[in-house]
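Structures given as structure tokens follow.
Shared chain: subunit A. Partners: subunit B in the first complex, subunit C in the second.
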Partner chain A sequence: MKRLTISTQEKLDGYLFILPWILGFLVFYAGPLLFSFVVSFCNWDYLQNLTFIGLKNYFKIFSSDAYALDGLKKTAIFVGLEVPLQLGLSLLIAYLLTQNIRGTKVAKAIVYLPAVISGAVGGIIWRYMFNTQSGVLNYLISFIGIKPIPWIDDPSIALYSIVLTGVWAIGQPMILFLAAIEGVPRNYYESADIDGAGKFSQFIHITLPLISPTIFLNLIIVMISQFQMLAPIIVITSGGPVNATRLYSYVEYTNAFKYLKMGYASALSWFMFAIILLLSLILFKSSNKWVYYHSERGN
Partner chain B sequence: MKKMLYLMICFIMISGTLLYAGGQQESETADSVTEITFMTWNSGFHLEVDQKLADAFMAENPLIKVELISVPQGFDDKVLTSNAAGNTPDGLVIWNTPQFVEAGVVEDLTPYIERDGLDMGEYHPVTKQWAEYKGGIYGLPKDYTPRAIYYNKNVFDEAGVAYPQDGWTFDDFTEITKKLTNGKEGADARYGYVAIPGHTYAIQGYIWSNGGELVSKDGKTATGYINSQAVVEVAEWYKELFDMSMTTSTMDAYQNLGQDQFQTGIVGMMDNGSWPIDVFSKDTSLDFGIVAPPVPKAGMKPSPVIHSATYSMFAKAKNKDAVWEYIKFVGGVEGGKIIEELRYGISAIPSVTESSGLADVPYIGDFYRVAAHADHAPAFTTGPKWFEADGEFKTALEEIFLLDRDATEALNEAARKMDAILQN
Partner chain C sequence: MIYNFTIKKSLNKIILYFMLILTSMVFLLPVYWIFVKAINGPVGIFAYPPDIWPKRFSIENFKTAFSTYHLMRNYANTGKILLFALSGATISSSIVGFGFARLRFPGRSLLFMIVIASILIPWDVKVIPQFMLFSKLGWINTYLPLVVPLWFGFPFYIFIFRQFIMQIPYELDESAIIDGCHRWSIFTHIILPLLKAPIITVMVLEFVRSWNDFLDPLIYLNSSLKYTLSLGIYYMITPYNMDWGAVMAAAAVAVLFPVLVFFFLQKYLLGGLSFDGLKG
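Showing the complex of A and B:
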């Protein structure tokens, strides 16, 4: 029997090791993705036969569904507020945690803790906290003389209240920022100290440029996850009041699982995929201008 | 490296063989017993009641083993996805019969009912409507509860207001709410009532008692129904009530209809089914009563809405005869007697309640009395598209209650949108 070369044998071993993942990807991701793409051109209510209807589902998004484009607008507002909030807050906390302050280990655990709670459970806790009459948020603000706020009962502020729930999702980006900030060589700061640069100046001119690859990574991850945000909406407001929090993802969900319009819901999902892909490509293109990679500069 | 790989492959093969052998052994010993799986949305105390029913059934039918599958969150989604995947349990509880029938989820039980000579006329007529759709019978009615008004006697006594009596009117309700509401804010605030925006279920009984309907009988037309004078009047009355009541977001209302606030005396009245009785009865500091929903004008009849469900069979059930035996037991006289003995709920078979003495038991007996007036099944039983159309009605109600929109205008707009959905 012909013996395999060491190089071929290693390649084979490598493929064998990743085989479970590849199989899982094909069966649980690629297959359903392809199926949903096919379904997006069909009329399908879950069980009955698929009927091919061409691009009708895609046209419907722009013509007869009042909630799809309105949901997209609300999603744009939501993502536009949520991404800077999560990135800004996680960066700020990560930076503070790298300073020599007592209790940083406990603080890290506290900030990361909500990340291990599922979106639905977190949503229920937030719903209780938002309750106008008995919620803890109104209880706390009553100490500074502020009247109860109808956080999720007033259509004009409900969406912004949902944005607030994003503060519980900063654990993941914070951990990445923390690792990046700690990876910045100390000697840069020492040199800056000698030159008389203050902390703020050091943060702007040393920390930010050197962690820009992580900022970029977090930006992409948080943006995509916020476009897909659904569980808290289902349990906190169910899209209300007066459709104020009926985000695009909720429109997809209701069409798929409440109205059983799986074909149309698939079309909505693929349209959202196209938007996210486009935005990601724009961000990747723009990253050449603001993301600083050590290796590129020969450092 | 290579050795490790071979070891791993050997380990997986041996474990697989052993697991298969174990499975074989188990199924061989259990050969004479038919195992059925039954899916329920219940958990906690409610699941314990389900288990007691299953245990009683298994005691009588030792050759059928029932395994309950509890899915308290996302029940409908799970039903639909498991059905689409072709791997369903044998039985389930359902409430939205038209949607599940149209999606091919549930089995028509008519042949079983006819074969065993079951008399569907024994069931409360409204609960029976839950099971029926397009000429088929898709389940046996489960226990039920009408919605009624709970009143906290302590709150009434403190304000010197007389307790409401069956036959009271919309105006009486408004007046009492006004008297019990103290106009203060924060911890000192007291309210006559806890009102819910956008809750079709809670408001439809008032619409029926005012002579209105939400949708045509065939479930295809909303115009002329949802925007009729009868509905506009109810929306305007409820708006007045809403403005002076403690309000709760629609989502909170689905989970907890102001129960805590009622129990602690922050609100004097609340609208609910029989579910909180168990908790309230154990609270020795709470003195409460239950009264039928108010009627539009003196002398009119209430038309309380009922909550129920059915014990049903998956169309793809593997053990249809065995699961039918279980459905027949839990949805029949024996199951009804057990839940009434446990004081858990009212059997869908009125003769069971009449013989069990439940009608004379405080609180739960009040609900039985109120249910005698029930003469309408909820609007969603008319067809599968109601859910989508109902979203427009809820939006209109929220616009009226939260944004002070004119009721006629909001309901006219809702009717147009609902027609487009229902007739599409």
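Showing the complex of A and C:
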């Protein structure tokens, strides 16, 4: 109450404390991003001078670059599969881990484990296990009578195999779900028990609405990260076989760092950013309808 | 009636345990497979059907990985990066976090919103301009692009420190201000000693992030003398004459440290991710 006016000294100290971040933000984020936005309207192969070419880079995405549009379609399929699979499975596992049984702590650690393994190592072990002739996956599925699957050798299957490796790495959304489910007040379930509601109905009518803010958070995080998914592609398939896994992010990566077409690659990256931003905005708008904040203050 | 009820209950339990064990096995399989194949020796790698249980034991794969593929050098390189990444991220983010949590200045909430928003900037949007910047500065094939930005506050860690510091009673600062302490000494003498939990959390998170970073080293490092662990393993894959045994040994060595750190410090890692381990 005493400190209604902020002293000049405090303001100055405040800026001094956050100065490292302000500098870092200007030099490593804002400046470069602004520059790349300008470059996206230029022709620049990194060695020669910049020449302004207007919207040509952006037109190229839709017209002369066969890989970019095709990659965008593949990314759409990939994200469309990965988001519901990752969210659904991590929610299911988180629910399983909150049941009153032994061993959930160990299982939690095991399910999270892939998240501490690098994209390179994770990719390599999957690539090894995917081997059609000698891989352990085909050996294991032979026990239940499934014939060997050419996981990453067949262009019509490879993309779905990559989806599978993503489903393996759901530690982070699972942990967020777990914390949210544990945060649901016990007495909600107790009164539902008295009313005779079954476990399934309790999950649908109590758990799901109460953890909807976490569902929303995970939806945003997983969607953004899956749009950018790149490391497993580089390590496992390098975009092959026959371009089957040449996702948009891989097209962008090769244009930037293999062909050094920085102008075009910048345009590709800004286009992707615009799509992610638009989808996030739509999700945010829709969240009023289905995300339920149960804070007492009434958000 | 009661009899039926108990049967139904134990059947439920059996199904739950079955699902728990199945889930654990599926998620563990790839990691388990790295270790089995690593210790199986060069012969075991070609065994078909594959030995689900390790039947042979040999350190031959590890020897090859260390001698032919310079695993030790890559290890040391990753260690160097970690040293500067961990210290830089922790020091700078705690200072900035303190500023956002404790001092009032015009534009504070707007600037903090920008911090949060910058967590969400996609990697591929910022990597191209950052690459152009770092190559202009002549930082290609050095560790500087991997380390220097961390010394200017890492948005997610700033968030963690700010949240934690905001839960520390302000009376501590206030009485020190009355005693004539400067903000900087309040930070170093009063607040910093209380930050053990978020410091460990940030260090564990940054350890996992830096150790596993693959795309940035791939883009910025081009001499094999500079390769990090994950980059070195990636380059062990060649179209011809590939030694899967050595690759698995290197992978085993590369995952061992994060796995150990994770099992001993998982409280801090999982707490930091779910935001609730930081309370109190």
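Here are some notes:
Note that in this section the second predicted complex is superposed on the first by the 273 of 299 C-alpha atoms of A that agree within 3 Å, B and C clash if a C-alpha of one lies under 4 Å from a C-alpha of the other, contacts with A are read in each partner's own complex, and residues count from 1 in each chain.
Here is the rule we use: a contact is a pair of C-beta atoms (placed from the backbone, for glycine too) under 8 Å apart; a residue touches a chain by one contact, two chains touch by 3 or more.
Since this is a predicted model, take the numbers as computed values, not measurements.
Taken together through their common subunit A, the two structures put subunit B and subunit C in a clash.
Contacts of A:I110 after superposition: subunit C is touched, whereas subunit B is not reached.
Of the two partner chains, subunit B is the only one that A:P241 touches; subunit C does not reach it. By the touch criterion defined above, A:F257 lies against subunit B and subunit C together after alignment on the C-alpha atoms of chain A.
Of the two partner chains, subunit C is the only one touched by A:G31; subunit B is not. Judged by the touch definition given at the top, the superposed model places A:M272 against subunit C, while subunit B stays out of reach. Once chain A of one complex is fitted onto chain A of the other, the partner contacts of A:D13 extend to both subunit B and subunit C. When the two complexes are superposed, the chain touching more residues of subunit A, out of subunit B and subunit C, is C.
Legend: residue contacts after superposition of the two complexes on their common chain; A:W126 is shown touching subunit C, with no touch to subunit B. When the two complexes are overlaid on their common chain A, residue A:S134 makes contact with subunit B and with subunit C alike. Once the two complexes are overlaid on the shared chain, A:L96 sits against subunit C while remaining clear of subunit B. Superposed model on chain A: among 3-11, 21-29, 327-335 or 399-407, the stretch of subunit B in collision with subunit C is 3-11, the rest showing no clash. Common to the subunit B-facing and subunit C-facing surfaces of subunit A are residues 13, 16, 46, 120, 127, 133-134, 235, 257. Listing the residues of subunit B that touch subunit A in their complex gives 1-2, 5, 73, 76-77, 80, 83-84, 99, 102-105, 185-186, 189, 197-198, 246-252, 260-261, 266, 384-385, 387-388, 391, 394-395, 398-399, 402-403. Of all residues in subunit A, those touching subunit B in their complex are 9, 13, 16, 45-48, 120, 127, 130-134, 142, 147-148, 152-155, 235-238, 240-243, 254, 257-260.
Per the touch definition, subunit C reaches subunit A in the complex via residues 13, 16-17, 19-21, 23-24, 27-31, 33-34, 37, 46, 48-50, 52, 92, 95-96, 98-100, 103-106, 108, 111, 114-115, 118, 120-133, 149, 151-153, 155, 158, 183-184, 187, 208, 211-215, 218-219, 229-231, 233-234, 237, 244, 247-248, 251, 254-255, 258-259, 261-263, 266, 269-270, 273-276. Touching subunit C in their complex are the following residues of subunit A: 6, 10-11, 13-18, 20-25, 27-29, 31-33, 35-36, 39, 46, 93, 96-97, 99, 101, 103-104, 106-122, 124-129, 133-136, 139, 168, 172, 175-176, 178-179, 183, 220, 224, 227-228, 230-231, 234-235, 249, 252-253, 256-257, 262, 265-266, 269-270, 272-273, 276, 280.
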